[in-house]
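Here chain A shows up in two complexes: once beside chain B, once beside chain C.
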Partner chain A sequence: MSGAGKRQRLTLRIAAIPMGLLALSCLYPIFFAVNNALKTRHDYMLDRFGLAMQPTLDNFVQAWTRAHLDEYFLNSVIATLGAVILLMVVSSMAGFALASLRFPYRRFLFAVILSSLMIPVQVVLVPFMRTMLALNLVNTHIGLILSYTAFFLPFSVYMMTAFYSGLPRELIEAARIDGASLLQVWWHVMLPLGTPALVTLAILNTLSCWNDILISLLVMQKHRTLMVGISALKGQYSDQIPLFTAGIVIAAAPIVVLYILFQRRIVSGIAVGAVKG
Partner chain B sequence: MTANSLHQTGQAARTRTRPGRSRRAEARVAVLFLLPAILLVLVFRIFPLFWGFGISLTSATSTDPGQFIGAGNYLRALDDPNFRSAMANAVVVLLSVPIFVTIPMLLAILIHQGVPGRTFFRSVYFFPAILSSVIIGSIFSVVLSFNGNLNALLSIAGISGVDWLGHSATALPVTLAIQCWSTFGMGVLIFLAGLSTVSKEMVEAARLDGAKMWQIWWHVIIPELRPIIEFSTVITTIGLLTSMFGLIYVLTGGGPGTATTVPEYLIWAAQGKLNRPAYAAAVSMVLFFMTSILAWLQIRILSRNANI
Partner chain C sequence: MARVELKQVSKSFGSTDVIRDVSLSIEEGEFAVFVGPSGCGKSTLLRMIAGLEETSGGEIFIGGDDVTDAEPADRGVAMVFQSYALYPHMTVADNMSFGLRMAHRPKEEIASKVGRAAKILQLEEYLQRKPAQLSGGQRQRVAIGRAIVRDPKVFLFDEPLSNLDAELRVQMRVELAKLHRVLGNTMIYVTHDQTEALTMADRIVVLRSGRIEQIGTPQDLYQDPDNAFVAGFIGSPRMNFLTAIVQAGGRLAFGGQEMDSPAQTPLEPGRKLQLGLRPEHLDQDKGVDLEAKVEFVEAMGSTAYVHATLATGETIIAERRSSQPRTGDKIILHFAPASARLFGEDGQRIR
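Moving on, here comes the complex of A and B:
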């Protein structure tokens, strides 16, 4: 960068202004939601742009209890946790088999799992619903957990296979010579060694599951998840913006916490996913 | 890259001599380890794809399996104004792809070139991308409603308000703009990953030769980024065709009229509200056809780049 000309530096400095505004616009919606959630309905009508001068938590209490967000939140937590754990177990097992074990049609089976990336929910919406009905999985947490796992699985399997392929095979051989069964090798060697990749996967899959609307809209018609609940709230409380924005803040809070804690991992995970397809 | 490493482990294993019995045991265990993943993918995705094609050839409703009517649903689609406007909207969406690719690319190049505040920009830009489209849509529905904040702000400036999401002329462009704003950070990350492979020496050499900044961009950086541009174009296009449901569901419900009804939204409406599952299955097949072409392109790009 030492040879950077004066003009280039000036151009970059000028470019920083719109880029800075864009950065602020990325943070503004959350500020907007939090700020308005802290106002009373009356305050909001008087001054919708100003800061909440006498912040109140009443909207959060109301959204949590009266608008049933407590129930929706629990449903989302159950579905997300269940799916993320299942995704880690299933993709680690599959990755171990695909990367470290020898068996016929290995590449073909890998291709089958990856090819399902081309089949999003929309493409199989009707038969997917019929499958769920036939298996009695509609309106059950297990049904939603299995659906999330099925639809977010290929990327996870891909990542675990790539990660395990990079591990030296001697690790497995050594454990085998010590008399460990393959199940023991997976549990005592592969799972612990896979931790870095598994943590990244857990974070990315948490984002996908928590943020999902279409699958939960289809599967959980009775027991709403948080995102389905929020979209319903929009219609019900359209004249009570502070209450509505409190709901938005509650729904976004876990993701914001993840973003603050694991920014680096999210960035590198997305970059890996992007570059490797 | 993975195919390569798979290949290597395969070879490593092959060079070892092992008794056949333990090899068979290994294969058996491997199948057991793979079984959950394969079953999930087969039951919920691959098998439904074929079943869905079957349903699309019938007159099925939610209660009645119906009869075989061949291409009937597909022919009906051609006459259906909903389908036509969904396809027209899809064309508008596809035409906006260059914007979705160019903006992140320019921002990434600027960040890479050392714009002041770049660390901050890089970490903030992808924040909207990790929020649910429901969250984004909900916030913008408050801001953009007719008596919402944007119009209130405009009226202070003396400009009369527009019903941004209630007018068929503005609804789709506004929805696309929100989609662009909420996903550009992802594109910036992709391009930054690509830019890290652009040779610094070449940029420096061009600069020493007296090239101006835009010349360096145009003649050195952007040609080097070509694989990433192609990749990003395909990814963005697939994303636009299959991940705008949440935003549309919350912002406009496909309306006003059919102004924001895209194929994926029509599929959902046809199977639920309209109770025409067989028709929905047919539209699904059309969408699958569109994304398959794109996926085929993507595989071609990836394999060509791997062969360089």
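Moving on, here comes the complex of A and C:
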């Protein structure tokens, strides 16, 4: 008994070594960025890998003001928030319809939505761009919000449909007998009951929208989002690594905070998408 | 309160006919029970009255109004589901008042109606709880409360007691019957449990394969079934059916015995029939006797059900109240000829 326990503990310890290395490889870049963001340009030249001896917040101030990260940050917040709210409303309604209502070509429609999950963004870039130009949506926040919504909607609809399919039909029927219209059923019953799935979706979609470069690079050519702005910093300030890393820290901070707050939800959300349906 | 009338109602899912040509009227204030084996269409019929299933053919009237194509909410019905279907994110009070809130009724009216229903159902102390914090029986009462609050013309119950344990089921059965007496509304109740049907119904509608087999009071169905299906479905344990051959002179040969036909209809010799004998009628002191060998005894305390084989090899179940035989014993079962029911090979009753 104790022999087996010991052997098991040994196996666990050996397994911990690659895990530790993996964690280190994830954490080190963050440490590198934060550490160097706190150095002056001069300090960085002298010692790239050493700890910041005289930490300064100057780089953050510089990045925020001189490199226009304040404007980019706002653009990202508007686009992400707008897209996430729109995604939640639309996917919850679509999920309700696809899971609970009976209408012609319902299965076909669901199959089409599912199949669009399999088409990568890059493949549809040309028609996408032409459409955006034709609709005068380039360089507008609305344009970016709609683009994000369009590209991330299939997964969201799929997940909400899978979630709502698990709810008993009688709930909707009871509400119908109670005199609720379809919209009222959605608002009073489906939306509150969908909260667990919607929270997960909100987090996953926030990650996707906030971290996106490709779509926003195309749609927001004049007003950059934060991620595009950070990529541009690399070219503009290639000799100012501390300023650049400060930008990276500013861009990553909201997502890291979100991740720490909702770690469990993110993991379970990925599982919902994987197992159900 | 309202009369419910179905005129040649039918329903098909694709090419499958679930309800075929059902005509039926349920009187004002009546407690009607739809009963039948699973898949007989009883729930579908109820859902059609509720408006949850579209009607493929025929007409449905509630209180004289044609509601065949009306929305569920416009029919004046309230329904209690087997799964209760309580809104899990709402409190008991919110669950019960949902329908009134949807109808934009004034706050005072909602409060007084919810209060009255809570009082009738003894739910007053649970009004602020969520369904998850209630027991099965309490949830059931909330679901009934939600129906009462709407003041419907007709109550619809879809197997409301199936999810409760045996003891609670008996208790709720009594409470529902009391409720019907207090409220006086028309009630339609669906169950597969013939005990529930017999104990609660003013009238029972027996369904099979989407057709009505018989409509009648519990006594009618028990005493005077129209066919072998109803005779077998109503009563527990179910009626024994023995093959009987008509002899010359109209006598019947069955189970190694002979007797005069209990039916008035003249029977031609050689015809094969089914003789129905209820287990509880096989415990007489005299009458026709049937010799049987005991295979198995189900002791129920005050009574016992004896499973036995006859001379013809047919099995028979008989109730024994006084003496309880043992496996392997030879016993004589007595029954009064008048208690036997006769059915043709097609299952139709021969009177």
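Methods note: the second predicted complex is superposed on the first by the 259 of 277 C-alpha atoms of A that agree within 3 Å, B and C clash if a C-alpha of one lies under 4 Å from a C-alpha of the other, contacts with A are read in each partner's own complex, and residues count from 1 in each chain.
Just so we're on the same page, a contact is a pair of C-beta atoms (placed from the backbone, for glycine too) under 8 Å apart; a residue touches a chain by one contact, two chains touch by 3 or more.
All values reported here derive from a predicted model rather than from experimental measurement.
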Worksheet item: Which touches a greater number of chain A residues, chain B or chain C?
Response: B
Discussion item. Which partner chains sit in contact with A:174 here, chain B, chain C, both or neither? Use first/second/both/neither.
Written reply: second
Worksheet item: Which partner does A:27 contact after superposing on A: first (chain B), second (chain C), both, neither?
Response: first
Worksheet item: Should A:128 be classified as contacting the first partner (chain B), the second (chain C), both, or neither?
Response: first
Discussion item. Contacts for A:53 in the overlay, against chain B (first) and chain C (second): which applies, first, second, both or neither?
Written reply: neither
Worksheet item: Once the shared chain is lined up, is A:149 touching chain B (first), chain C (second), both, or neither of them?
Response: first
Practice prompt. State whether A:260 touches chain B only (first), chain C only (second), both chains, or neither.
Written response: neither
Discussion item. In the overlaid three-chain picture, which partner chain does A:116 touch, first (chain B) or second (chain C), both, or neither?
Written reply: first
Worksheet item: Which residues would you name on chain A as touching chain B in one complex and chain C in the other?
Response: none
Fill in: In the complex, chain B residues that touch chain A
1-3, 5-6, 8-10, 12-14, 23, 26-27, 29-31, 33-34, 36-38, 40-49, 51-52, 55, 107, 110, 113-117, 120-128, 130-143, 145, 149, 152-153, 181, 185-186, 189-190, 192-194, 204, 207-208, 212-213, 231, 235, 242, 245-246, 249-250, 263-264, 267-268, 271, 277-278, 280-281, 284-285, 287-288, 291-292, 295, 298, 302
Worksheet item: For chain A, which residues count as touching chain B in their complex?
Response: 1, 3-5, 7-8, 11-13, 15-16, 19-20, 22-23, 25-27, 29-30, 32-33, 36, 48-49, 89-91, 93-94, 96-104, 106-107, 109-110, 112-113, 115-120, 122-131, 146-147, 149-151, 153-154, 157-158, 161-162, 165-166, 169, 182-183, 186, 207, 210-214, 217, 227, 230-231, 234, 238, 241, 244-245, 248, 251-252, 255, 258-259, 263, 266-267, 270-271, 274-277
Discussion item. With touch defined as at the start, can you tell me which chain C residues reach chain A in the complex?
Written reply: 50-52, 71-73, 77-79, 81-83, 85-89, 98-99, 102-103, 146, 150
Discussion item. For a test of understanding, state which residues of chain A touch chain C in their complex under the given definition.
Written reply: 168, 170-171, 173-180, 184, 188-189, 192-193
